[in-house]
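I have placed the structure first, in the form of structure tokens, so that the comments after it can refer back to it.
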Amino acid sequence: MRIGILTSGGDCPGLNAVIRAVVHRATMHYGDEVIGLRDGWRGLIDGEHRKLDLHAVNGIIGRGGTILGSSRVRPELLRDGVRHVLDVAADLGLDAVVPVGGEGTLKAAWLLSEAGLPLVGVPKTIDNDISGTDVTFGFDTAVQVAVEALDRLASTADSHQRVIVVEVMGRHTGWIALHAGMATGADAVVVPERPFDVERLTRWVNRRFAAGKRFAVVVAAEGAKPRPGTMPFETGGRDEYGHERFAGVARQLAVELEGRLGKECRPVILGHVQRGGTPTAHDRVLATRFGRHAVDAVHGGRFGEMTALRGTRIRLLPLARAVERLKTVPRSRYEEAECVL
Amino acid sequence: MRIGILTSGGDCPGLNAVIRAVVHRATMHYGDEVIGLRDGWRGLIDGEHRKLDLHAVNGIIGRGGTILGSSRVRPELLRDGVRHVLDVAADLGLDAVVPVGGEGTLKAAWLLSEAGLPLVGVPKTIDNDISGTDVTFGFDTAVQVAVEALDRLASTADSHQRVIVVEVMGRHTGWIALHAGMATGADAVVVPERPFDVERLTRWVNRRFAAGKRFAVVVAAEGAKPRPGTMPFETGGRDEYGHERFAGVARQLAVELEGRLGKECRPVILGHVQRGGTPTAHDRVLATRFGRHAVDAVHGGRFGEMTALRGTRIRLLPLARAVERLKTVPRSRYEEAECVL
Amino acid sequence: MRIGILTSGGDCPGLNAVIRAVVHRATMHYGDEVIGLRDGWRGLIDGEHRKLDLHAVNGIIGRGGTILGSSRVRPELLRDGVRHVLDVAADLGLDAVVPVGGEGTLKAAWLLSEAGLPLVGVPKTIDNDISGTDVTFGFDTAVQVAVEALDRLASTADSHQRVIVVEVMGRHTGWIALHAGMATGADAVVVPERPFDVERLTRWVNRRFAAGKRFAVVVAAEGAKPRPGTMPFETGGRDEYGHERFAGVARQLAVELEGRLGKECRPVILGHVQRGGTPTAHDRVLATRFGRHAVDAVHGGRFGEMTALRGTRIRLLPLARAVERLKTVPRSRYEEAECVL
Amino acid sequence: MRIGILTSGGDCPGLNAVIRAVVHRATMHYGDEVIGLRDGWRGLIDGEHRKLDLHAVNGIIGRGGTILGSSRVRPELLRDGVRHVLDVAADLGLDAVVPVGGEGTLKAAWLLSEAGLPLVGVPKTIDNDISGTDVTFGFDTAVQVAVEALDRLASTADSHQRVIVVEVMGRHTGWIALHAGMATGADAVVVPERPFDVERLTRWVNRRFAAGKRFAVVVAAEGAKPRPGTMPFETGGRDEYGHERFAGVARQLAVELEGRLGKECRPVILGHVQRGGTPTAHDRVLATRFGRHAVDAVHGGRFGEMTALRGTRIRLLPLARAVERLKTVPRSRYEEAECVL
């Protein structure tokens, strides 16, 4: 067979491990040919590609980024160009395509699959917001990077008697904030799923100071918002792709808390370091397993499905189910964590 | 309630996170008193203990080791002293005990539970060999440490055209070897579950050199053994606790491979760095969840059970089931990895 | 003797290592008593202190922050309160004081020394801007943290064809930017010592793209400014202590470059992670040596001096000399680096 | 000009950064051509080489190993083949050679320089044992790796009441042991420069336990030896290159101490992880500066010299001086550290 692979959307540690696993499994076990499509869907629109053999994926398992490049494509472009994409795939002689990407990519994949492109998806998101899989690669690395930063910041906060508000990634879901907060014993975590009450947050932090502590750490997911009317809050609007823009919740919250607490409050925005660089061992193993099983799924004719982790096993599930709704943090996990407002 | 907690057996990153979570949940949610028992079961034999309040567990979530200390106790000592332990627990006024430990500890816990000690176990092992839970805290850290070392070693092996045989922990199971090998793209992995064929290993490595590579990496679990008769091999015998001693498989295998390959082969033994120090974010979260749910289980009267991860949820399961057999690497996982001999 | 020690100013990895070394040397070698003054100069104004014995400094060598706390004190407060400080020192029975701090602290120390307080300084700054010493502890850690972040960011930039502008610490000097830029092969570095020409910067980055590269990394010291008139630029003004406020050079530069290059430019502000947390081995050794030599200097009566590294040796030099001017990056180092605009 | 570069001897983090800096400086500033010689001196004996342009060194600054490969060559081979090497250099049209290597390499370089080969050396050693330079790249990384391992091991030793004897690199000098020991507050350090007294070591460790500590850490350089007659000790003999073999001092010392102390003592051998993998920021900057200055030295006709760090500056000094004796740890540094036996 001739299998095309592409990586699409934002960066995510583990992409290269998927590519490597796909090439290893396909070429060594099945004797397939693997074609790397350049810069995500763009490669399938423009036909830009290169052959991937064992040599091409040598030593990449632990490297950040993606050797295939990635780009954002406006959803309309794919929607209106389905016919064109099918033609390009045919011209390239592709028997199957393995797109590796997040929610947007998987939606596009589902659309193309419905239109007849033989395709097996691999979910990718540092945000852990894709339904149907226990977790995706990239998330563990993002949390680990955030935790290392939080550990560093906590020692300063402690010595210098400060409140720090640390903004981590998560526009629509609070998974990274929840895990990073739990792993560092943060005093409070605010998430997009639950508009926060700044009154209550202030009480929590004050109670801590009353108990003799000299500092506090608040972890805020990028997309967290206060309950309307409880504090002044500017949203960031939307960008050209229709995505919500960065609203600067940490900065706004730090100003508000400083006023309410009468203590020095500092915002810290961790930003893109969370989504790049060397993946953790956990993410490398998961990405490798996803890659291998995607190739097996191609050979099993399981088109229109994607790989997923369930417990300790890799399963396949219909793309339609994965994209029907975002996987948000459920109430049971908030309550378990206790630090979520 | 008055809850005793103890940590027993070898070191494991995440122990302090469990202790912290138990104290937080018990004191803040239930208003319990928590008693830390010193040096594992010894604390319950000698009655050595101290009160644990929020202050005592401040800042420990990310620290290696255990603030309670640990020690190895010969199994007979507990078996013959069940009556005594029950008396000590009664003298200390304990309503429940939460032992955190590996297979040996959980077996002892089960024995004591059968004898009437109200007890909820928390599994702990870097080896990932406890049945009934998808994974235990400590394992992710051990694999991560091994992977960081393997990444360092691979760059040297590549520049200096060597075969390195890296010995990782795992006397009875090959989980660490499997994951560390998968995460670094090792050329071969040998595990205790499957005696290896040194002929075949030699062929694998040679094939690699034939394909133009200049180095090779073999990952060996401590307890891996060659198929009888295929190469000279000295076992390490047993120690005073009846545990198998370290046989030095990497050293023996490196000598054998050097002879067969005619290339420089170097053994590296990673050793105890894998079982100590700061836990990964993954292990901190899991340990925290285990600690919290153990306290809830105590209040739910779920004695004789232990916490376990199943998919994304924490469940309880009977200790008897957890200790009935070691969780070894199943055939399906070997085959998936392809690098296991 | 009875020696007081205090840590003052912003956080800096290695402070605890200095404290530990002072306590070890003073108590074990000289039989001195060491008094820890709370929250920097405030401890010497309010008299808040505690005794530091070996037990108090156990296990702190690798921890971030400072067990003594720190605070910022307005310079006037010390200047006008010299008499009072001398009285407090006398009341506490201090034979000598060892202040550990940056430029502001050392200036205050010099003032107090002139007024008769027996005092030996230990320089501390992540910015490496203190004259008379080759380097100070904290700097190596700050650069290492910045480099780890830059490594992560570069892999994303490469895969996603972006220009990233990474802002590192350094309000008055470009040492961190220079070293972090050199260590990661950054395409351009802008520093406070040399107002940058945005035209030239654009040319450099464009040349890179012309050579077939798909991304570029610009490192900007916090205090870097464009040459007047070359691009719109808002400064951040000054805070209540008279320090320059954060102007957001990365953000402003990214906007400008995006316009000029027609490529996606992203600002990333590393912020306070650079000044907290576990010190590198290098900084722990240097801090330990400074601590020890400060105690020896006290016993040698070398008051009014401070510790300094010269080559491989620790020397003492007059505080007056250390504070006479900030150590900026010399022209020879720019030229050597070649990446500095 | 046409400049040849080679990397020789054991692995050392920073080699790729030197290669990159040589290529950048030579090609971009001087318009030179750079030739990479394969596998150290072997490339100059066999003539195996490849052209190095900017593209070839792209992204290597932070990678471990050496893209040129390395190998050990028996000294006689070079000594007897000087004529041949000069011929190969002439055939390749080399105007100068930049060998990057340790003591052995620099000795060979000096020999060849005396014989007329135009050559500028770059010192390389993780052991920090080359005279005339404050430090060499690779050393900081080796110490950092050892310190991270020691931090992990200490938490286990503390929880489990053990004495650990950690063996770090250093066959002839104790620099790594000294710095790693100082940076982690080790209880005792033994080094090759000073045969240790096991009686005294036992007293030190016992004193510690008497003071209420529950564990102890001893750092041993590979080449440390007991004073003759104080304990049984087997040396490792010599290998085919005449180098001393690994004697296993940690293992032998742990057995001896266990007998003397009546406590569990565990040896841990860190091994080759110390000499491979990603260099620290410090080593990348130093390696980059050495590479650049080596090219400037070539253009300045400073043949027969090598780059060196003195204070904050890069200097050149005659190879003859660098190789006349090994730089051992001086008495003043032992005494300063206080933990060295």
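Brief remarks follow.
By letter and in written order, the chains are A, B, C and D; residue numbering begins at 1 in each of them.
As a convention for this text, a residue touches a chain if its C-beta (ideal position, glycine included) is under 8 Å from a C-beta of that chain, and two chains touch if they have at least 3 such contacts.
A quick map from chain label to UniProt name: A, B, C, D = ATP-dependent 6-phosphofructokinase.
These figures come from a predicted structure and were not determined experimentally.
With chains reduced to the mean position of their C-alpha atoms, the one farthest from chain A is D.
Centre-to-centre spacing of chain C and chain D amounts to 29 Å, using the average Cα coordinate of each chain. For this pair, chain B with chain C, the centres built from the Cα atoms lie 41 Å apart.
For the pair chain B and chain D, the distance between C-alpha centroids works out to 35 Å.
Chain C has residues 151, 158 in contact with two or more other chains.
Viewed as a network of touching protein chains, the structure reduces to one closed ring of chains, two contacts apiece. Note for the complex: chain A touches chain B at residues 20, 24-25, 28-29, 54, 59, 61-62, 134-135, 140, 143-144, 146-147, 151, 158, 179-180, 182-185, 211-212, 280-282, 284-285, 288-289, 292, 310-312, 314, 336, 338. Chain B contributes residues 7, 10-11, 15, 39, 63-66, 69-71, 145, 149, 151-156, 158-161, 164, 214, 266, 268-273, 275-278 to its touches with chain D in the complex.
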